[in-house]
Each structure stands twice: as structure tokens, then as C-alpha cells.
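Think of it as A, B, C and D in the order they're written, each chain with its own count starting at 1.
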Amino acid sequence: MTKKLTEQKSEEGVTPAMERQDGKLEEEKVFKDPVHRYIHVRDELIWELIGTKEFQRLRRIRQLGTTFLTFHGAEHTRFNHSLGVYEVMRRMVENLEKKGAWDEEERLVCLASALLHDVGHGPFSHSFEKVFHMDHEKWTREIILGDTEINQVLRQMSPDVPEKVADVIAKTYDNKLLVSLISSQIDADRMDYLLRDAFYTGVSYGQFDMERILRVMRPEEDQAVFKHSGMHAVEDYIMSRYQMYWQVYFHPVTRSAEVILSKILHRARELLAENYPFKITPIHFKSMFNGEVTLKDYLKLDESIILYYFQAWEEEDDPILSDLCQRFMNRRLFKYVECNPSKQMLIWPELQQLFKKIGLNPDYYLVIDSSSDLPYDFYRPGEKDERLPIHLLMPDGRLRELSRESDVVEAISGKKRTDHKLYFPEDFLSDQTTFAKEKQKILSLLTNQEG
Amino acid sequence: MTKKLTEQKSEEGVTPAMERQDGKLEEEKVFKDPVHRYIHVRDELIWELIGTKEFQRLRRIRQLGTTFLTFHGAEHTRFNHSLGVYEVMRRMVENLEKKGAWDEEERLVCLASALLHDVGHGPFSHSFEKVFHMDHEKWTREIILGDTEINQVLRQMSPDVPEKVADVIAKTYDNKLLVSLISSQIDADRMDYLLRDAFYTGVSYGQFDMERILRVMRPEEDQAVFKHSGMHAVEDYIMSRYQMYWQVYFHPVTRSAEVILSKILHRARELLAENYPFKITPIHFKSMFNGEVTLKDYLKLDESIILYYFQAWEEEDDPILSDLCQRFMNRRLFKYVECNPSKQMLIWPELQQLFKKIGLNPDYYLVIDSSSDLPYDFYRPGEKDERLPIHLLMPDGRLRELSRESDVVEAISGKKRTDHKLYFPEDFLSDQTTFAKEKQKILSLLTNQEG
Amino acid sequence: MTKKLTEQKSEEGVTPAMERQDGKLEEEKVFKDPVHRYIHVRDELIWELIGTKEFQRLRRIRQLGTTFLTFHGAEHTRFNHSLGVYEVMRRMVENLEKKGAWDEEERLVCLASALLHDVGHGPFSHSFEKVFHMDHEKWTREIILGDTEINQVLRQMSPDVPEKVADVIAKTYDNKLLVSLISSQIDADRMDYLLRDAFYTGVSYGQFDMERILRVMRPEEDQAVFKHSGMHAVEDYIMSRYQMYWQVYFHPVTRSAEVILSKILHRARELLAENYPFKITPIHFKSMFNGEVTLKDYLKLDESIILYYFQAWEEEDDPILSDLCQRFMNRRLFKYVECNPSKQMLIWPELQQLFKKIGLNPDYYLVIDSSSDLPYDFYRPGEKDERLPIHLLMPDGRLRELSRESDVVEAISGKKRTDHKLYFPEDFLSDQTTFAKEKQKILSLLTNQEG
Amino acid sequence: MTKKLTEQKSEEGVTPAMERQDGKLEEEKVFKDPVHRYIHVRDELIWELIGTKEFQRLRRIRQLGTTFLTFHGAEHTRFNHSLGVYEVMRRMVENLEKKGAWDEEERLVCLASALLHDVGHGPFSHSFEKVFHMDHEKWTREIILGDTEINQVLRQMSPDVPEKVADVIAKTYDNKLLVSLISSQIDADRMDYLLRDAFYTGVSYGQFDMERILRVMRPEEDQAVFKHSGMHAVEDYIMSRYQMYWQVYFHPVTRSAEVILSKILHRARELLAENYPFKITPIHFKSMFNGEVTLKDYLKLDESIILYYFQAWEEEDDPILSDLCQRFMNRRLFKYVECNPSKQMLIWPELQQLFKKIGLNPDYYLVIDSSSDLPYDFYRPGEKDERLPIHLLMPDGRLRELSRESDVVEAISGKKRTDHKLYFPEDFLSDQTTFAKEKQKILSLLTNQEG
């Protein structure tokens, strides 16, 4: 009987792993994946980690937060991405193994870290972290070290494995090569998300030749380097990253939705602080607002919980909360103008006054959002946020930093780009049945500060 | 100012449509779509329909229900699919227009019907409809004709447009050609979902050459036919459909999740009927259970609401509800064996007895699920569920039914295939610390009935 | 110095292989391939075989003969395909090695056989073989065993290796499993050509999931079998094969070009026999016509030689040779009608008379071409051309023939389909300035026999 | 009858166009194309041009010359590319037509120019033009204006059409917008070849979103400009171009084959001048060498003619001609080192002396090849080779030059990159059975000059 049952369909097969002495599954498990075609699981440890409820929870958290409101294809979750990072890492390790010995435990620590690197993310992390000063990295650590199924599975292997995995993810692990495979300027995480996010949004910018990059990777003591003959694939990757940041991740419409989301959270916190009588008590939020979230509380947070409240709040009496929630749920987003911070300071007081006059609280309806990105950086010793540069392995055996060889990378290297936008509810302003003069004035101020 | 604001980014741009006399947008709107690359909106009507809250709600309902638990890529929503069907229809109409005049209103009715054909779907419709005897087609009609933003937008065009659109979707509209473009054995709906579901699951079966099919379509009085020279593209479509049904839509693991979902709903209904004291009152479910769902209630239902309750119910005292919800949320699904209905009847009473003996309620833990599909059918006049066959337009001008020309279609034509599976919680049975003998007996009965 | 030179660009890098004791190249060589992305060469033997002049000659022979006149994309050569078959085999062997030991020599024999299986093909083999009773399989054997660079390279390994490779290709080798990987109903050769020909023609029919097929292959004593869970990928492969035969390989326009090509060869042979005074002596053809082609002669034949003569012959005085060559070079092909052999016999004498009357030699201008294909066959012991069927490995360990499990394969299994077409120069017939009555009569006969 | 015959298979269908009053084909003709999926021909003029023998000749001339010796997939021809340019132009015109009226004749002139822009290319144009001072642009003009089928077809439309088409291709036509669609920094020619060459070589660099670029094109008086919202697609195109030049078009191995090809031509010219007694008289070459090529001669040149001679010359007694031809045919290319022109001048005399000493003629065996590319340039009035820059159409209606908006384009804009390589026969040098000392010295000089 058992035999038959284990022979069931392969995709995310429901069968518990057969026990084997060597930690390998009886039969390799295969997940169909639209980005990497197949995700292969041979190790029992990985199979069991995927089955834990903390990992399954990632199915209810979108990979790209509010991006689906701009690119409707981008509905994929962190579960999806985490499997992908694991698979990229599995292939990396397979290639690197051929070049030199890897300890079996080190290999599993590496794969587990890839799989679990995002496990601490909550719903719409970006906004939540800013509003509630949460830190998904801290939660990742707690989930790996705390009283969880994940911890249990890891400990079965050896009691110090959870600590090791947590250290790799925190970049404090002593095998720097291993750390660099997950966190560096070219790592399994980024390679998966660029390809995956490009696939699901449908943009063509994110394409690069990952297979080639993996084949030209060579292990060095504290990071992987890339054979010079593969430079163009690496160049292409850097350019993809650059394009994806500005075309997708920082898309102004996505940021409009994020602005609204943040303001909803602010408003709810304020109302809770004021003991506002919510129609449905936001129990899931209370601990967040008072900063006493337990691990158990945290693990309950997912996007369905958030959307449940937002839907409920559409009918709250508080006009700000209700309006913002309706905006988010029905995609009635804020408009934006480019914003020059220095010019904008001059008109800010007047704008705020005008907003108040027409009955709009400027704290919620007049919002500047700034995004900035540094697509690639060479080594700047001593600087804050210093990054390990990408090195090429030259034919003569020397290493050379990428931007010294590549014109296009050199062109964007070290150049931080920042973008400021001013968001506001244009629908309210264009309805000029009331306060026509003030609204006209606001619109004209917004336009002028832009030019 | 206005000009500037409307020139913002195109993807699902936030700008309200400029009013024009001819119902066309000032500037075509473009959605990036991973399946059709771009979705083009030129008509103000379509743009406004997409912006309604009833349509936006489809973002919170997955296209493939529980399939994401089998194929992790399949996280796409009905919003995504609905835009796709609209786009396929837009291209169809563009091609057909070249072949003969279309009335402008008819064209818009056609596009709107394509966009809205699924608007009445609720969360996990398949299971909900079975348990609560709901009917998404009825809801589609109500949403189009009732007090909704969609109705308002449609009525702006002309007061009888809502009725027309509802009739097209209900297949009662008198322009049969138009109806056939949305509902027939080869229509915009199916072409989009096969391509889209294949794309998101990552399987290769769903591929076919839609562009070719659209180009060989020719309008006839009550349906579209296909030039003989494009037969192979049509053949390929039929084969794709066949493969997708058995490889994806009826995947046994997906059905395991559906079985559990149905049983959760059954259990909740039973508990409500018994006035079981829920920790969190399932207000959203009450009206469903008593069959008095209003349109307003219905529109609040989406998958985040359902998952909110399922998470809450994991902590209910009722062991069945709590267990089933944990299974669904953490993907601890039922196992299955093939099931021969006639043989199975013989052992059913004994199995049920044994389940009761070991403390498992067989109504919830021993479930047969049957799926059947008829991939293509030629015309069988007078039969129930009669279907319009696909016709080829031969070089000499005659029409010929597809299966008479195509060997492969002939081979599967009219052949209904049915599959029965018996689902049960193997984890409970394989834990033989208690009732070892009974559990062994159950497993042996399940195995034997299969062979 | 040497080091530097060997570090040059990888694609078909010009560097001779470094000698190593283990027969491995210092650095893996990589060919960029649009179908399999990369072709990997690690073995010195393979690298050297690719560099032989007999193998390089395959660059001047198109994979699909006259198909480029129907599908302009299909300009790829046998060199291209041969590398592909090698790569598919390399992946097969890599997968099979994991399942059990392979002798190193056996592995290399296998890879070399895959690479060289088509090395005996000449230009437009199909037509040449029919007209000159040549046999590319015989030439393959001679090239491998004769005085060639290929033979030299193979013999370096061991003196009996050439014989072994020739036996594998001739299917007489005693390791039947190995033979089946190259020649069976699902082998490396077919998998590559279906994918490759689909890629270059641009048709979508040839797609199937090769990666999946390779993963579910399992070695049995005398053939590879496929795990049942991969059945649908195998089904898809069979359907692809079926579609490619009728949509591409037997495309009637391609066959029109082949008909003309054959008639050119016939005419040239006839003229040579008659000592017709060619303006340029067709030295390359002479030995062919008298059946005394040496290996050295044969290796000089490639498509540029053939096209050189065809261009020259456009200006010969013989009106038939000149006309046919102009048709081939300038793509002025024959038209065709469907042809029912039994009906056609009745009108044949009259048609021939009419052709003669209007001055067209029916031996050259009235040609029937028949194509037939048996897409898949189960085992028919004792029958001529018996084929090894495809077997599935069932969950319980039994083997089961594919068509017993798959409805679609069953539908086309064992069903030979034959197609007859009658080709003729319609341009001559439609120009009715002379012999209007006869030409009209011919056209009418052709039409009537068709119906 | 006629009806039936015209209903034959579509791909490059053999049917002559039905005559219609409006110049449209009865039924659109469709070519399957792997890059653009389908190429659509509706105009009789285009259909007939494709059928001319001068256009069909392009089937025998590879698009990328010797590149197939580096990337085996790149066996596609200029026929293939020319159809592609036509199709890109057809789509451009379709889009631009929506924006404003186009005269029907202007439209056809535009399409014909796109189709015919490369019709004057000969075999391996790059090398031939350098050695024989030929000019494919001059030949294009002669083919269009001279006694050819192409001229006849064009003149049927109107007597001045050939002149117009020739002017468009020569960039002297007065409709500058139309000229810019075929020849500018972003035109139909380049868009097709980047996509096509990337497709056939299998590299990923050449991908960009052509559909998007076509949609954001807007006609201005003397060139097409691009809406700012599509800037990133244009950026991507520029980057693709940049990568393709250095990764594919200037690949050092391709250049090695080109060097050998040029030297073969030089040698043959020299021998002809000396009245060397060729075994087979190279009639096709004679007129080239004495500079008196007629149009009729020129049209006979294709790659099969060239390869015919190269094969024959492998057996000539002249050791240089024979060696070089064997190298080309069997892909035994020259090796290369990077070459610094200033350093190299110092060692040149010594190298030449050493080559002579070991019996290698340095004129043939010691060759410097320089390639340079300017990926994009803004406007530099008055400079030689001034190029029309790419302009973006900003939201406010102004035009802005691309590199002012795009960081990455700015980074490579106006920067010409030149690369020098020194080619030589390493195989001769590494065989040190004779002249060991001199050969060692040569290798050491080559290495040192590089560093």
C-alpha cells in the first residue's frame, strides 16, 4: 500500500518523505516552475522544510507587495520566489561542487538558508516595516531559532544547524563564500527575483542568461567570481537589475498604492491610540501597535488578514480610514507630480494650508515618496553600506573588478539615483463643485513646483 | 496641468479617461500582460468597466481555486483572466471587422461581455457552488443588472446595454455569432484560460497558435468557422484542452484540496445550524447558510475573507473544523487511491464502520471525488448538453465538422472520460500507535478495492 | 603564451584540445545553440571529431533538403543537427549514469555514435538516394571505417572503436539499450530534429518537454523505458512527431521542389549517357552516374557543388534541363492536385498523350509523388519493419506499452497514412496562347480526377 | 480548377497572384517566420517582387557571412532577413497610417524599399567589397534600375517607381521620414537583424521589445520619434545593438575566418594576374579581377559558386591558395592575440623577417584586423558620417535627444570603440620540428606585444 501511495503525482506531491539513512528522498520530488521549469528536491531536509506551516504561510504573502495594482500579472507569492532561490542555489552548489569539495552539512545549510531567507517577511513588508518599525530579518531569525516547525526540522539534522542557517542569512556566518551566494551584488536571491518578477509582470527587461552566469562562477575564498569569458552575461544581469528597479520596483503607480497603504496603517494606529470604537475589533493589529508582537501573533499575519480588515474598514465612520481603504481595495489611487525637494519646501506651508481649508488632512493626502537606487557599486572601503564588488577572473588568473572591464557597468557604477514624487488625490481636486478657487490654486502650485 | 497628469505611466494608469464625443480614449491605454504581451484599451466604456469596484474585486479571487497548492505558479486571479478574454475578443473582433461590418454598439456589447463574463464568480467558486447551491451565472446577471458601478457604466451608453450584455453571457442573445465567440467549443474564454493557465502553472501542454486561429476565423451566421488551412492549429487547441483538463484542472492533488475545502464549508454550516459558539462570529457566512445572500453581501466575499475565517477556525474547539482548516492552510492534504465505484460499494459499509471505530467521522474523512470531461463533441441533436461543433471552411466553400477531417480529434471526439478517486487522511492511518489493527485493515481495504 | 591562447572565446573556440591523461579537455568547450542553449563538450574525443573535415563538411548540407523553399527559416544544416543529437545524448547518458554504471568506453562510443550518425549524408540525400541508388548508411560506415580523419581520431582511442561506432549506427551492436538511445521510436536523433526543425521553420507543433522525458527515462536491458508519471510528455512527443510529418516534412510545396530536383538529376544522367555536350563538364556527377563513386569523390559532394551545376545548367541548350534548373533556382515550382491512384490510372494515358501533344515530356512534367507515415506502432512480431514499441514503467514495476495507456496515442497507433499528389507545371498550362484546347482539357482532367 | 489551385498551402505558396484592380491579392499570403511568427503579404507588388529571380538569389547568400563558423546556428540568409525587414516595415506603416494619411504609392514604395534594401549584396560581401572594391549599394541600384525582373515588376506600377525605390535605399529620396524608417539609428533593417541574428545565433543579448517600440513611434516631418513612455524599450534596443556588435558581429573567431577569406581572394587575384594555370578556370572571378563585372555576371555570384571554387582550390598546386582554402573549408582558423598598434610597429619588421625565414609569407599569414563601432551618436553637425539622433517626444510635446534622458545611453553615446587583433597560423608555429628557435621567438614576440 505504502508503495502505491508514494507513487502519486509529483507536483508538490502530498506524500511524506520516506526515511532513508542518507537523508535523501527515495524518489526525487519535482515542482513544476514556470521560471526555472523544474525545481528539484532530493534532500529530505528541504522537503520537510517546505512542508512546515511557517513556510506554507509564505503562500499568502505576495512577492511584490502592491505591484499587482500596476502589473496585474504580478500576483506571485514569496513561497514561489523562495522555492526559486532554493533552486538557483541548488544549481550553483552543483556547479561549485565540481570545482572543489563541499562538506555535506555545509551544502544543506546553504540550501536551507536559500529556501528560508525570506521566511520572516510579513504582508506588504515594505509598508509595515516603515510604519511599525518591524524588521523582517529579526523575524526570520526568530522563526528559525524559536518554537517552530522549521526549527524542529533543522534541529533533527544537528542541534547547531538552526543557528548556522540564521547566521548565513544574517551574513555573520564565517564561510563568506557561502554567505555571498545568498547576499551579494549577484546572488541566488537577486537572480531569482529579477527573472521571476520579469516573468510575472511580463516586462522583457529582466531577462539575462542565468545558465551562463552559473557556468562561469568560480569559488574564491570569500566570494564567487566570474570567468572573464562570461562578462557579458554579468553585464546583462546588472543592466536588467537597473531596468527592473526603475521600470517595475519603483513604478510610480505602485508607490501610489504603497503611500495609501502606509497611510491606512498610520490612521488605524492613531484611531486605536484614541480608543476609536471600531466596528470590528482589529485584534491582529493591537499587539503591533503597542510593539508587543509575539512570534505566534506574527505568524498569523498574512495578506488575507490585512485585506479582511481593509474591507471591513471601508465601512468605518472615520472618513479618512474609510476613504483610504476604499481607495486601496478599489484601486482609486493618488495621482502624482515630480517633486523637487528644494522648490517644494517653499510651497509646502501654503499647500498644507490650502488642503486644510478644503477639508483634506494633509498628513494623509499630501505625501512625498522618495525612492533611490544604486544599481552597482565598486568597493569603497570604510563607507557605510559598503558592498562587495563583482570580480572577474581574467585569463591570466588575476581578479579584476567588473566596472573596470565593462563600459556599460562603469557608466552606471556608483551612481545613486533618487526620485521624489508628490502624491495627492486628484479626483477630490478636480471635482470643483466646492472650493473651486482653492483647488485650482492647489493644482497650479503642484504643476509649477514640478517644472 | 491636466495634460501632464494624463501623461503618466501607462500600465493600468491611474488617470480617469478623458471624455470624448466618440467614446474613444484620448490616448490608448496599455496593460502589460505576460500572456498576450499587451492588452489594448481604446474604448472609454471598457476602461471605465475595469475601474469599477465589482471588477476590481476579481483581483481577490484566484482563477484556478485550489490549484496553487499543486502548481505553485498558479496564483493568478480572475481579474488577470478577464482582461485576457477581453483582449482575445478585441483581436477577434478586429479580424472579423475586416471581413464585414459590425455595428459599433454590437462591438462594444461584445467586448464588454468578454470582460465581464466571469464577474459573478466568488471565492473558490467550484466548492462554494456545490455546498451552497450558488450559481455564479446568476450573480453575473445580478451584478450587470443590479445596483452596481458596472450597471451604471453600461447604462451610460444606452439603457438596454446591461440587458444585452447579460444576455450574451447567458447565451440567450439573438446574435448567435457573437454569443459563439464567448461560449462555444472554441471561444475567447477558453483560448485565454488554456494559454494563461499553462503559462502560470508552467506546463507546456497548453500551448497552441492562437494568432493563427484568429486569422483563419471566418464569420458565419450563427458561429465562427475556421478556414481548412488552419486546421492543425485548431487540432492543437483541442489537444491542449484535452491535456490541460487531465494534467492540470483535474489534478488529483488539487482535488484533494477541494475535497477538504468543501468539508470545511459543510462543517461550518452544520455547526452554525447547531448554534455552535464560534470564537469569531462568521458573519459573512451566515446569510449564505440560510440562503439569503444579498448582492451587497455577495460582493464582499473574496478569498481573503475566506482565508481569514479558515485561519481563525484553526483554533476552534471543534476538532473536525479545526483539523480541516489546519490541513487546508498548511497544505496537509488527503491522500487518495483510484476508486472503482462498483467494487467500492461492497466495502463502503465496512470502511465507514472502521472509520467510526478509530474516531474519524467518515462523512468528513472518507470522500469520493469524481471528475469527468468530454474534450470535444460533434453535434448530437436533441441530446442534453448538446454542443455546437467546430466547423472547417473547406476550399470549395462547404463547411465540414472538425472530427471528420482530423484523425486525432476524431480519436477523442465524443468520448467522455470519468475518473473516481477516494480521499482519506493517510497521516492519521499510518500513525498506528492506537487502533493499529483497524488502521491496518482500512489501508488494506483501500488498496484492494483499487486493484 | 599557450595559456593565453587557449583562453580565447569559447564558441567553437579555435584552440586545439590540450592533451590530458584522462581524455578530458582542460576546459570544457561550449557551443551556443539556439535549441538546447548550450552544447557542452568535455571529452577530447568529441572535440576532435567535430574538428575533422568530414564532420565540418556537414555544414554544407542542409538538414531539411528542399524545405527551405517552403519555410524560409529552415536553412539549418546537418552539422547543426548532429551537434544537437550529441547534446541530447550527453544529457541522456548523464541521467542514465546516475541510475547505474556505464563503462567509460561505452559512454564515448555512445556519444560518438550520436555525433556521427548522419555523417554519411550527401546533399539533398532524399532525392539523390532515390535517383542514384545511393545509401547514406553505407557511406556513414565507410567514413567511419575508411581512410578518414574521423577514423583516425576514433582509432586513437582503441583500434576497435570505429567498428563499434559503426555497429551502433547500423543497429547491430550488442548493447541494445545503447542502440535504442539513437534509433528507436523515441531517441536522441528524433528528439533533436523535431525540436530543431520546429524552431527553424517557426511552427509551433514540434514543441514537447524534452527535459521531462529525459528525467523519466529508465534503463532496461534492451531499451530505455519511461516512468508512467511522465506519460504526458511522451504523448506530447508522439503528437509532435505526427504533426511535424504532415505539416512540415511532407509539405506539398517541399515535395514539389523535390520532384523537380529528382527530374533534374534524371535528365542530367540521361544526357550524360547520350554524351550530350555539356558546356561545363559535370565531373562531380560522372562517377555517380556510372556507379563508381569513391569515398574521396563522395566527400566532395555538398550542396554548393550541386547548386553550382544547377546554375550552370540554367544556360544549357537542352530545354528540359535548363527549364527544370531555372525552376529550382528561382523557385518556380510545379503545382499539384490531390491524386487518387485508382482514378488516375484511367486518365493517365490520355494525359500523357496530351502532354506530348503540347510539347511537354510527361516523364519530366507529370509526376506523382506519394508520401506515407506511420506515426507510432506497437509491437507486431514478425512483420517487416517491426518497431520496438515505447514502454511505460508503471508504479508497480510492470512495463506497459504506451498505446494501452494513452487514448491519443492509441488513436493514431499503427495507422499508416498515405498521400498522393500529382505535380505539373501549371504556368505552362495556363498560358493558353498556343494549344488552348489541349491545355484546357488537361486542366479539366486534373480537376476531375481529384474530386 | 483555378480556384482550387489557389487554395493550396499558404507558406510561400506557389500560386501566382490573382489579378485584382486594386493591387491587392485575392487572399493574403502568409509566410511562417520564426522571428516575427508570420509575415503577411497583401499587396500583389510585394508578392511578385519576392518571386523574382534576383530576390530568390538572396537565398544563397548568408546574412552573417562567416559567422556560422563561430555560431553554428547562424546559417540564415539575406532572403530570410529581407522578408523580415519588409514585415517590420509593414507593421510600422500600419501603425503610422493610423496617425495620419499615407499616399498609397508612397506606402508601396516604402514596403518595396524595405524588401529590396539588401538585394545588391553578394556572397560574403564584407570581404569581397574590401578586396574587389565592389559596392553592394551600387549593385542594389543597378538591380532596381537595370534589366531585371525586379525592375519589370516595379515599373508595372508606374514608370518612376524603380527610381523612387532606389532613391529611398540611397537615402536621397525627398520624403525624409520614409527614408528614416529604413536607414537611421533605429530602423526596420536594424530591428530585424538584431532580433534575427540573436535568434539564430542563440545569444540572448539581441532581445528587445519591438512591439512596444512600434507602438510609441510617432511621425515627424523628417524622422520618426518615440513617445517618452517608451524610452526604456528604446534604451534596451540600443544596449542590444551594443552587445550584438561586440559579442557577435565582431567576434574574433568570425574575424579569423574573414581574414582567411580575404587572403584567399587576394591570392587568387595575384595568381590570375600572373597567369597561374588553374586546374579549373575561375571564370566567375575573372571579370571581378579586371573590374569589368556586368550585372549579369554579378547576379550569378552566390555562396555556392564561391564554395565550389574554394573546394576546387584545395587541390591547387599553389601552397598558399591550397592551404588557405583548406583552412576555410575545414575550419582550421588562425589564432589571434590582442594587438596594440603602436607597440606592434616596433616588432613588425622583425616578425616579418622571422615569418619569411620559416617559409611563411607574412602578407598572408600575419594579419592585423581592426574593428570599430560607435553604438549610438547624438547630433554632431558638420562632422563626417553625421547621424540623425533618436528623439523622444516628451509629455509636453517637445522633442528631446535620447542620451539626454537616458543615463545608460548617455554612457555609451559618441564613444567609438576600436579593437585590433593580430591573426596568425598557430598550428604552424607550434609544430616545432623545424625552425624551433624562430618559431619560439615569434610566439614570444606575439605574447609580449600583447601585454
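Going forward, a residue touches a chain if its C-beta (ideal position, glycine included) is under 8 Å from a C-beta of that chain, and two chains touch if they have at least 3 such contacts.
Small disclaimer: the values here were computed from a predicted structure and weren't measured.
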Same-residue or different-residue interface between chain A and chain D, half as cut-off: same
B-D compared against C-D, more contacting pairs: C-D
Averaged-CA centre spacing for the pair chain D and chain A, given as whole angstrom: 45
Between chain D and chain B, distance of the C-alpha-averaged centres to the nearest whole Å: 50
Chain C-chain D separation of Cα centroids, rounded to whole Å: 30
Of all residues in chain B, the ones touching two or more other chains: 4, 9, 37
Touching residues on chain B, where the partner in the complex is chain C: 204-205, 207-209, 232, 235-236, 239, 242-243, 246-247, 407-408, 410-412, 415, 417
List of chain A residues in touch with chain B within their complex: 1-2, 4-5, 8-9, 11-16, 31-35, 37, 51, 53, 56, 59-60, 68-73, 75-77, 79-80, 83, 199-203, 251-253, 256, 300, 302-308, 311, 326, 329-337, 426-427, 430, 443-444, 446-447, 450
Touch list for chain B against partner chain D, complex: 3-4, 7, 9-10, 30, 37-38, 211-212, 215, 229, 395-396
